[in-house]
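In what comes next, chain A is part of two complexes: it sits with chain B in the first one and with chain C in the second one.
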Partner chain A sequence: MLRLPHFQVSAPTTVEEVVAALKEEPGARLVAGGTDLLPNLKHRLEAPEQLISLGRLTSLRGIVRDDAAGVLRIGSQVRLAEIAADPQVAELFPSLATSAGLVASPSIRNTATIGGNVNLDVRCRYVNQSEFWRGGIGGGCLKSEGDVCHVVPKGRNCVAAMSSDNVPVLISLGASLVLVGPEGAREVAMADYYRADGLRHTKAEEGELTTEVRIPLPTTPRRVDYVKWAVRKSIDFPLVSVALRFDLDGEGVDAAITAVQVVVGVLGAKPRQVSRLEAVIGRAMNDPEVALLVSEATFKQCKPLPNVPYEPAYRRQMIRVYTRRAIQALAQG
Partner chain B sequence: MPGEDRDRDWQIGKVHRKVDAMERMRGITRYTDDLKLPGMLHAKILRSPHPHAKILSIDTSAAEAMPGVFGVVTGQDFRIPYGIIPWTPDENALAVDKVCHVGDGVACVAAVDEDTAIAAIAAIKVEYEELRAFYDPEEALANRDRELTINPYARKGNLSKHVVLEFGDVEGSLEGADLVVAGDYFFEGTTHGAIEPHCAVAQVEPNGILTVWSATQVSHYLHRELSKVLEIPPHQIRVIQPPLGGAFGGKSEPFDLEFCVAKLALVCGRPVKLLYTREEVFYSHRGRHPMKMKYRTGFTKEGKITGVSAKTILDGGAYSSFGLVTTYYSGQLLCAPYDFGSYRFESTRAYTNKPACGPKRGHGSVQPRFAIEIQLDKAAVALGIDPIELRRRNDIGSDSVTVNEFRVGSNGFQECLTRVETASGWQERRPSLPYGQGLGVAGSTYISGTNYPIYPNEMPQAAVQICLDRSGRARVFSGANDIGQGSNTMLAVIVSEELGLPLDDIRVLSADTDLCPVDLGAYSSRITLMVGNACLNAAQKLRRKVCEAVAKRWEIPRKRVVLAKRMALDLENPERNVSSAEAFAWAEADNGLLGEVGSYNTPKDRHGDYRGGTIGASPAYSFTAHLAEVDVDPETGLVDVKTIWVAHDCGKALSKRIVEGQIEGSTYMGFGEALMEQHIVDPEHRGVHTGPNLLDYRMPTFLDTPTIDAMIVEAADANGPYGAKEAGEGPLHSSIPAIANAIYDAVGIRLDTLPFSPPKVLAAIEERQRRVEAGELPPHKAERTARRSA
Partner chain C sequence: MTQAALLLTMKVNGDPVEVAAPAHWTLLEVLRYKLDLIGSKQGCDKGDCGACTVQIDGVPALACLTLAIQAEGRSVTTVEGLSLGQGPGRVHPLLDAFDRYDAAQCGFCTPGILMAAESLVRERRAPVTRDEAAAALAGNLCRCTGYTKILDAVVDASEQILANVAKGGAGEPSTSEGEVSDAR
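For the complex of A and B:
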């Protein structure tokens, strides 16, 4: 078995104590479920001297509907399995219930938290391997020990892939994150949270902790979905990952589309929000052109890289197929 | 050896709980890594980051100086080469002068704990001179530069083994054939994926006895090789195999860790343990050889095979492992269930700079089976013959002789075909399935053990010792390795059947070279037939003694005494009975301590009379038919295998649920190889493995696995205990071509290279569509589609 590096662990019980601990130990890393961090530590992708466990932060474990603020508030320590099974999430945000239920495997969903998942480190076939393996390819890459990129030759920007199933969905739902740091709390739209840089792929500042995910309650009828394709039906990270949201002016399948959101993951470090979809605004949900227009625009704007398995050309083609099929299914009933 | 003067089956063929099931299910089984000995040290191996390099120097001084380090060994401590096949000792426990693949072992440290050992191997300085590496077997074979000969013991450059055998006039038979099907096939390398990584612990007793506990499936061969390499006589070595967490052929020869812990225990005077990381398991490998296969098969217009010509390149990796045998098996094991008429094969194994290949479930014959079964399917289409019917017409039958002169005993292949045909609704459903859906069939055969042991000797191939005691218990001592296939349970079932004891009253002690008679190990599906026969032999001797003692006291003929249900009964008056304990006590009073040995040796009239004619000959052959139903998505290339029906002729199922489990597990394993598994290195990145972990090496999960309908066929064989033959490997083979043939039926594409990944399937579908649009081919199932839309 691969060994973990040596580290100290503290286990504060309040958010304030966590913020204080982060200030005291600038290199410290937060650990919630640990399903992403611990394998990365075993692979020696980082070696923090201090871990701050969030396991005792009982205040961040709730899913609360806040009608006054018009949001559903999900504490960052809520487990993915709880989100997948939560009746409010299923009713208000079915695509999130789907994506949370598709992450990895049951045992990982029972352990992993939403706060950890929105901060999931980006992944690459040349990064997420043992230190010995990275030595074999000649000493790692931009994101590990080395100074080259094995995905984009001569590339100077790390293109490791955002591989969270939930992030594209949350962006499509207009969610934001509450971050608490030494300066207090701030709210950041998830659409603005991610950066196209695999070395530093979020805008979280030093010393900040994600405490909550806020999702605006739907104000119009809508149809949403999340499509994932991976080689296996369990455990795998997504290879095609598309979140869809159509806001409608009525409940029926012939209702007109008033807004559309398509967010695609597993490209580079930042999920892509597909733009120039105005052509479908005003069309009926069940207009056959909608699926074609949206899937074509998605295909054109998304260019997968060889940072995860399977040929980029194939995955690009599949983004179009899966997007089209999902929209056709949404237009069904 | 069908049971002589037996009464009736009270255990044979029933459903049994495995003798170790409750320990396993409760999580209290002690695997090798669970062993903890006082003062035990932990060892780690330094491995090569280079695919091919000379070792110029190794400086271990910094490691040795580290606090907590007790010993360091290098290749210089293991200069005697070994190899599982006595003719090809071509590897050292640690690299002596050069490294041959990424992950080759270079040095090993024993320290007070694993972290210290890891720090110490990092402190070892190795100076390498890198050499050009070969990843393609044909490029390796073409090399003439002696400096670049990969294996340090190779005598013929990068050629590991070359075999050519010809039976009959193949070229003539192909010329005279009505149809010749020619095809090029590629079987990708795959590995075993046992859940338990390799682990070994060694301890030297005060009297000098070296004990090695190892997660091995061949304790006897490990015993021999330890003795050879460490230069310690075998009587001073004890090898124990603790319960195993799977093996599948991946633990069927000695590995670096066993030599390292043994040597370090001797050097340090303390027990030493080494547990592989998952990554190291991928580097030790010994999995399925990638094979490039060129086949030509002649048929009459009635679908009878006239001749088969095969040319195969085996990509062997850096060492021989079982490669000599694999090279023969790639041709020799193909000659049933079909009568070939004539046959020629040429198989060439090359060394390459990759982890060494070896035996994986269905050793050497899964790859050619893939090729030939697609060849047959192509012929069936070309000749307009139902693929099942074409296979029936070529069935070699029972009590027959193959084209390569192997004697086949019982043969239930026809029944296997009928069972899958009926269960799947082949006749009714196949003609009407729409484009995208399809059914495919394939057949196969496998050996129940090899007729000759790995090292030539006249001694029995299997032996078992059984003791009964006055408490009514039986103890069975067997050298056989239970690797999860249930061999200990199989022995308990035989003793139970013969001596009338429930399984709970039988203790099987296995795979401890101090306590148990020698057995050659768990490979080539030999244990049920060979060790089962030895056990039956010993149990029957005891049974006669017990029945005799009871008969004497009841004053009835011995044949009237039945042993069953923990009792001895009078067959004609079952009211008269005594407990097993009482009966054993009577027998012990009459005979002294109740112990018997049984042994088994193979019949020597099964093989061909030519050089290599013994390799692949077996006392009995199993037969299998697979029938797969697939749903292929023509827009994504995804192959959804819905159901696999599999019928397997195991002669006689001694324990029904275990046989079904072996059939299901084998079929599943083939399914994984068909759709996703790839054990490959990346030539673009210095020969590193593309993902030596269970996230990147994708084996199907429970959710991916099709419904498997396992059916047992019983064509009892005169050479098997109660007629039993193997069930552990045969039912893998035809799983893969059945899926390939079903994909053809579904969408009209031939996938002659593995695995059937979605991009590959999609590319083939698109290519076919282009040809349809160009008018070169009719649309697949055009008639059916037209009929449906009409």
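For the complex of A and C:
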């Protein structure tokens, strides 16, 4: 049995009330679905005195296509199961429907929200353990109660891994977040939202709440996918996590590639956007070289760490293999 | 720090319930230690095993990762409420199928599996397939059975429910809403 630490809890019904509550109690933690925060609290990784439940923010529970703004707006309290089953998401952003449907287990997807998932705390095999377990390795690490890093010896920077299935996909789709705080609302591109520091891995400011995910509607034909490898087909966080997007100048498999996005998760705290992919621009989607060029560049630029299970060398090879196979599948039919 | 108690109003297995609980308690703790509904099991207590699966407003959720306050005003169904609305002397077709197939061995995972499976077999037009059953139960660990008999039982129960509906009998399982009388 894992008891939660003592805290007070409130359940406001409007965004304004949440912002006011955060201002009043700066150390308070927001809890949406709670499927990430509660295990972390039970493991004593945090001990906030106040929790603010977002479960009654019914205004943030819609998926709305806004053609005037050219975006799909997903309220931050939309459940992952709803995103995985939503016909608009499936039609416009099939890779997001895939990634949302691969998170954890059905019951967790019924509870976990997209706002919580984009703010998922970074994870490490030395962090997400019981207090007793952490005591067994000498009292934790940089991210828990210790002052050493067990992943990078003598490291001073926490390298816990961004383990959300949806974050690489949303970055590949050019999504942004709407954050509301005491100064009002601001929009941040998700590509700029994450920091390479496991102790403070997002650029959310104190007192801010994520209210919406905005994804630009596709303006060209495109082929997208999300590939995940984990030991089991359910419950597990990803160990290989790659989002792919190819913008094309036509619908056919021989259409030319006009832009490409490859985003890889579960490396460090920040997802990696693979660069130097210009060599495939202008090539046909079904050119066999495309899968090789992209998977090779991805392999070269992605260096997994021993921060999650399975050997980094194996995971690195699998990044290449899964990326190549996914692109080959996209180039079929 | 003073420990704030919450006064929660919710519906549990059809009955309106008012219960006081510490603010840091989970729904699972309220069910087990305040309401004595010990069918929902406290297994891993961190979302890995599914033994605490209940239904909140008819949707499977993990009671160990649900704060008590998040159930405020909502309708919670536990395994104890599964057979309500089946008529006197009758059990839910899932329970009957689990019995006939010996789908429970030690039984610790069974309450959670039943509550996850119920949402799958409810209000179907066609019986569930084994693949659908496996996908719906992908968050529920069983360390005894190897799942074979569990999946057989869920598929069989789904067929039974559809057969009962065709006969006009009590085939619809009790959901969190309706059917269940408050004056039980």
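Quick note on the criterion: the second predicted complex is superposed on the first by the 333 of 333 C-alpha atoms of A that agree within 3 Å, B and C clash if a C-alpha of one lies under 4 Å from a C-alpha of the other, contacts with A are read in each partner's own complex, and residues count from 1 in each chain.
Simple rule for what comes next: contacts are C-beta pairs under 8 Å (C-beta built on N, C-alpha and C of every residue); 3 or more make two chains touch, one makes a residue touch a chain.
Predicted model, so just to flag it, every value in this text is computed and none were measured.
Using the contact criterion defined above for the overlaid structures, shared-chain residue A:N110 touches chain C, although it does not reach chain B.
In the superposed model, A:T35 lies in contact with chain C only, and not with chain B. When the shared chain is aligned, chain C comes close enough to touch A:L51, but chain B does not. In the superposed pair of complexes, A:V231 makes contact with chain B only, with no contact to chain C. Touch criterion met: A:F132 reaches chain B, while chain C stays clear of it. Look at A:L2: by the touch rule set out above, it reaches both chain B and chain C. Using the contact criterion defined above for the overlaid structures, shared-chain residue A:K303 touches neither chain B nor chain C, since it reaches no partner.
Look at A:H150: by the touch rule set out above, it reaches chain B but stays clear of chain C. In the superposition on chain A, contact of A:R316 is made with neither chain B nor chain C. Judged by the document's definition of touching, chain A residues 1-3, 6, 105, 233-235 lie at the interface with chain B and also at the interface with chain C.
Residues 1-3, 6, 105, 125-126, 128-130, 132-133, 135-138, 150, 229, 231-237, 309-311, 314, 317-318, 321-322 of chain A touch chain B in their complex.
Residue ranges of chain C in contact with chain A, taken from their complex: 1, 3-4, 6, 22-26, 42, 45-48, 50, 53, 59-62, 64-67, 69-70, 72, 116, 135-136, 138-140. By the touch criterion given at the top, residues 1-9, 11, 31, 33-35, 38-39, 42-43, 49, 51, 53, 55, 104-108, 110-111, 233-235 of chain A touch chain C in their complex. Those residues of chain B whose C-beta lies close enough to touch chain A in the complex are 47, 49-50, 102, 114-115, 118, 197, 275, 277-279, 635-637, 676, 685-693, 695-696, 698, 700-704, 757-759, 762.
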